[in-house]
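Next up, some structures in structure tokens.
Each of the next two complexes has chain A plus one more chain, namely chain B in the first and chain C in the second.
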Partner chain A sequence: MKQFLTFVRKEFYHVFRDSKTMLMLFGLPIAQITLFGFALTNEIKDSKIVICDYAKDEASQQITYKLAASNNFSIEESLLSHQQIEEAFKAGKIKLAVVFPVNFTYDLLHLNTAQVQLIADAADPNTGSTLTTYATSIIRDYQQDVLQSKSLPLSITTEIRMLYNPELKGVTNFVPGVMALVLMLVCVLMTSVSIVKEKEMGTMEVLLVSPFNPFLVILSKAVPYFALSLINLSVILLLSVFLLDMPINGSVVLLFAESSLLIVTSLALGLLISNSTASQQTAMLLSLMGLLVPTMLFTGFMFPLENMPMPLQVIANLVPAKWYYIIVKSIMIKGLGFSSIWKETLILVGMTTFLLVVSFKKFKIRLG
Partner chain B sequence: MHDVVLDKIRKTYNKNSLVAVDNVSLSVNKGELFGLIGPDGAGKTSIFRILTTLLLPDGGNASVSGYDVVKDYKIIRNHVGYMPGRFSLYQDLSVEENLNFFATLFGTTIKENYDLIKEIYVQIEPFKTRRAGKLSGGMKQKLALCCALIHRPTVLFLDEPTTGVDTVSRKEFWEMLKRLKSQGITIMVSTPYMDEATLCERIALIQSGKILSINTPANVIAQFPQNLFAIKSTNMSGLLKDLRDFGNIESCNAFGEYHHITLSDESDATQHELKTYLESKQHENIVLQSTTPTIEDCFIQLMNNQDGGNSN
Partner chain C sequence: MRTLKFLLRKEFRQIFRNKSLLPVIFVMPIIQLLIMPLAADYEVKNINISIVDHDHSPYSQKLISKIIASGYFRLSDYSNSFNQAFEQIEKDNSDLVLEIPKDFERNLIRENTQQLYIAVNAINGTKANLGGAYLNRLIQDYNADIRTEWIQPQRYNASPTIQIASSNWFNTYLNYSFFMVPGILAFLVTMVGAYMCSLNIVKEKEVGTIEQINVTPIKKHHFILGKLIPFWVIGMFVFSVGLFGVGRLVYGIVPIGSMGSLYAFLSLYLIALLGLGLLISTYSDTQQQAMSIAFFFMMIFLLMSGLFTSIDSMPEWAKVIAQLNPVTYFIEVMRMVVLKGSGFSDIKYHFLIICGFAIFFNGWAILNYKKTS
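Now for the complex of A and B:
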């Protein structure tokens, strides 16, 4: 036991004395979470729009205020005619124009129907349609306000509810993905490199010719990275909750338990890589190429898995991060308990057991 | 009583295409300082790794302290001290941390066996907070030796401990080994430096995976089959070439200040004939004298003998 603790302490020395490892360990997650949280979102914020208000009455003013109050739009200017709209688009300054016809409020209140024209710059079709959706929902919102205060005419309206993420925030999608990515990357890369380093520096040779059980070498390497990964996880969660307004609707304990499972999976994978490689460079390359790309592609947080061809969907099932992503989304966003994610958990447990068995079998108690 | 026994050990690499150790048999007595002498690539490290249970032999048997290197590898790993050829300690740990780590690894403490390493450790103690990677070559070797000794091994394997170490540190190192030997530790050491062979009690000369000779250094020298002559003149490089053209020359090797030669006919007449021949080739200040062979002379002679035997 004392041997084991000394070994673990030695491992911590290695980590804390190497600035590169420290940067990798703690810089990478923070950089990724802030990058994905702020820069790389598919939300559209503060799009410049123009209002062309021929009506200038109560309803048009109120809708304009509502548009101005939304995070998605910032009103550039109010125009007087259609010609000016075209010029504004050509200047490339604006993405959307809202046109209110004359007698807007009168029509709305007396004819029970009024029209608003939305003109979007569809050079980028996704942005164009997203912006019109935003604007439409704001106008519909106003319409409902009006309807509530007036006598209800017979009408059928569709009501759309975006469950779990009513504001359609991109963060909710990215944070679980980044968590999976960072945990996989840090654990796999760090363990594989640190074991291969012992081989490369020749220290493995000395370790083997000692009474120390080789399996304990592995275990005592896993412990520090396990602990550091949990710290990492806490940092990611704190950043997501306080900086990115990400909710944790489910049990935090369950979230940590499931994350620990993924960490063990990654450690096992790192172990397997280190057993099959002889140099730090190969181990690093294998961890990065073999993990970063599949995790990014097949986890589902960047590209929806449902849209992929069948063979790729099958491959995606082999990526542990995919299952973890589902688990994290279920816990954090949907607030579900263990009963809803036991299947995914079981798959991860299976993968971990398989990886551990294979890597222990492949572990060499001799050189060469 | 033998502490290390190799019986027809064979080791090949690259699917049998490269024979590193070729039917090597030797034994090291208890408490002996045994040297494995040979150039780089002779198979020394492979033998050490087989004995320290790091490699499996392809054929033959070997034992350390009576334990089989394949079956009883766990027991052997408890009792031997091993210092690999390359500096193999943690460069980012301090001298003291390294020593502490290896002491704990072997289930002991620095205190417990301090008397064994004291003489070596006091030399590096002033630098005990320094990172091992920042030590000089000689100090690194001393630290590595301390780490290999900290659990009071019965057999100590030192693979080229003096390679890359300055002359003074090398001398010190051999003195340390002698003191360790007096503590009753069996020491097997390898070196490519022939001049270090005489510091061992017995040596095995090895070349291309084959043992050329196993004996005491004195006996190896005594078994040199001919008289050895040292010869010099003012033009040494020309001399070497001219000597090789002389009919009665059997072997001729550059050897520092002199060239060492053996003659197929050692009579005074031939010696005289050689001198006249060289004078005719414009060599001046020719000195020809008989000399005692060194281990290197013996090694070269044995090597040439074996090559001759092979080609026949």
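Now for the complex of A and C:
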């Protein structure tokens, strides 16, 4: 036991001595939470639009004011002719052009019908169609004003309730994803690299010929990263509660227990990678390209899983972070208890056992 | 010149000899370019809906079939009560609940107005917002159908209506992969370039072979050029394969802008990027450190580049970070030239800025690189 503690202490020294690695261990979670919390949003705000107003009359002016007042749009300039629209799009910044034909108000009031043209820069299809929808609803509002809200017969009204996240904040979706990402990153990447490093440097040989049990050597490598991950997790949770105003609706103990489970899964994965590779570069690239990118893609926090083609959805089931993400969302946001996440937990436990068995089978106490 | 030739030969040999690294440089980016655009699809479709129909009338049936037939929604279940439907939301089986109250049909016709209740799982705010809006639009359409059933249409428009004609330029069919593929390709080239370059030099440090080079009469600039040129060539190669191989053949993206200005920009960008890799390598002693620093910056570059989320929607301070990010400019140029056919005059500021980055990173790295410790 004393020997084991000495080894754990050695590993801690290795970690804390290297300030540049610490930047990644602790800087990255903080940077990610801040960026995801404040900078990144799928909402569309302040999109630059241009107005091409051939009419310059009352109705076109009023619609322009209404568009300007909405915080989805910021009116960049008024153009004089159609030709300028294409130039404005090509120069980059403009996302939508609104064109009013001549005699707009006159047609609207006397012929009872008038046309507006919306031209979207659909190079980004989502922004394009969302902006078209927003502008359409603003123009419809104006039309309602003109009608002076004559009440129509047989009307169905709707009442929409937004569950869990009434302000429609982006963070609610991102924070559980960042937690999964950071835990995977720290555990898989760091463990695998630190074990392979000893192999590459030749110090592994020294450890293996010592009277110390080789399995405990590996275990002592995992302990510091387990501890660091728990610290990281607490930092993320504190930041999201106090900085981003995200409540933890469920039980904190359960959240930590489930997180520890994912940490063990990731450590087992890191172990497996380190047992199958010989150089740091390969271990790194395997963890980075083979694990982090799938984790980002297939947890479902950046891109909706249900939109993916079937084969990718099947692959996504193999990514541990996907299940963890579901668990965290259920506990943190929906406030559910263990009874509703036992299936996901069971899957994670199964994966962990499998990974541990395989990596211990592959672990050789003799080199070469 | 002769020295440089020998150095280049050494570097290329070392790269092509490493059998575990080669697939990472050449195959990984291509596979990712094939998979990522399929996965990175923000389009909101397949919204699962639970319906609680207390009315069971012909009208409620008609409404339900209209919603299902629209293609946006997938019926997950009919529930008997709101609580039962809510459980489906808790289990993530459905995203949205539509509750049709009792006597929906009767109230609508007798009292001329009736309310429907919608509850949306808003954990993913964007999806919730759009899902709610789609459903609302369908209900309004349905409402208009009912009105025409009951009310004689008038001969001419009685009330002023504004007709809105909308058109989508540059990507008429709203194909999301057209937007993502150029951006993802730009990022993959960045990853390969920055990682490979920084790891390569640090490896020489860690293994100790850099000492051997330092004691030879090889000049500082020869050594640096010898390291940069191979990765510059690899970057160009990966980019071309991605653009013409994957982009053109798999996704059918035909760049409509000038290839000349795109490649001119790429070559400048790669110089800036490799300068960054060089800079990282001068600050680290082990591969683990280099990887940590490179990963830290790459992560921030990726998130702040406007690849996944729009820069316009960011707060002011974040826009400043995005403008200090070289990847932002490359992704912008890619999208402008490939999709919109922007010409050199449209991207001349991008050229100037990336020139600045190239001089800054390389200058700093060269100043910081010392032959003797």
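Keep in mind that, in the parts below, the second predicted complex is superposed on the first by the 254 of 368 C-alpha atoms of A that agree within 3 Å, B and C clash if a C-alpha of one lies under 4 Å from a C-alpha of the other, contacts with A are read in each partner's own complex, and residues count from 1 in each chain.
We adopt the following convention: contacts are C-beta pairs under 8 Å (C-beta built on N, C-alpha and C of every residue); 3 or more make two chains touch, one makes a residue touch a chain.
Since we're looking at a predicted model, the values are computed, not measured.
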May I ask you to decide whether A:K10 touches chain B, chain C, both, or neither, giving the answer as first, second, both or neither?
first
Touch check for A:L208: first (chain B), second (chain C), both, or neither?
first
Which partner chains sit in contact with A:D18 here, chain B, chain C, both or neither? Use first/second/both/neither.
both
Who wins on chain A residues touched, chain B or chain C?
C
Between chain B and chain C, whom does A:F38 touch in the aligned arrangement: first, second, both, or neither?
second
Between chain B (first) and chain C (second), which, if any, makes contact with A:A114: first, second, both or neither?
second
Would you check which partner chain A:S47 touches, where first means chain B only, second means chain C only, and both and neither mean what they say?
second
Once the complexes are superposed, what residues of chain A are shared between the chain B interface and the chain C interface?
18
In the complex formed with chain B, which residues of chain A make contact?
2-3, 6-7, 10, 13-14, 17-18, 201-203, 205-212, 365-368
Counting only contacts in the complex, chain B reaches chain A at residues 49, 52-56, 73-74, 77-78, 80, 82, 84, 86-93, 97, 100-102, 104-107, 147
Chain C residues touching chain A - in the complex, by the definition given at the top:
20-21, 24, 28, 32, 35-36, 38-46, 48, 89-92, 108-109, 112-130, 132-133, 135-136, 139-140, 142-143, 146-147, 150-151, 156-172, 174-176, 178-179, 195, 199, 203, 283-284, 286-289, 291-293, 295-296, 299-300, 303-304, 308-310, 312-315, 317-318, 321, 332, 335-336, 339-343, 346
Any idea which chain A residues touch chain C in the complex?
18, 20-21, 23-25, 27-28, 31-32, 35-36, 38-48, 86, 89-92, 95, 108-109, 112-130, 132-133, 136, 139-140, 142-143, 146-147, 150, 152-170, 172-173, 193-194, 197, 279-282, 284-285, 288-289, 293, 297-298, 302-304, 306-309, 312, 326, 329-330, 333-334, 336, 340
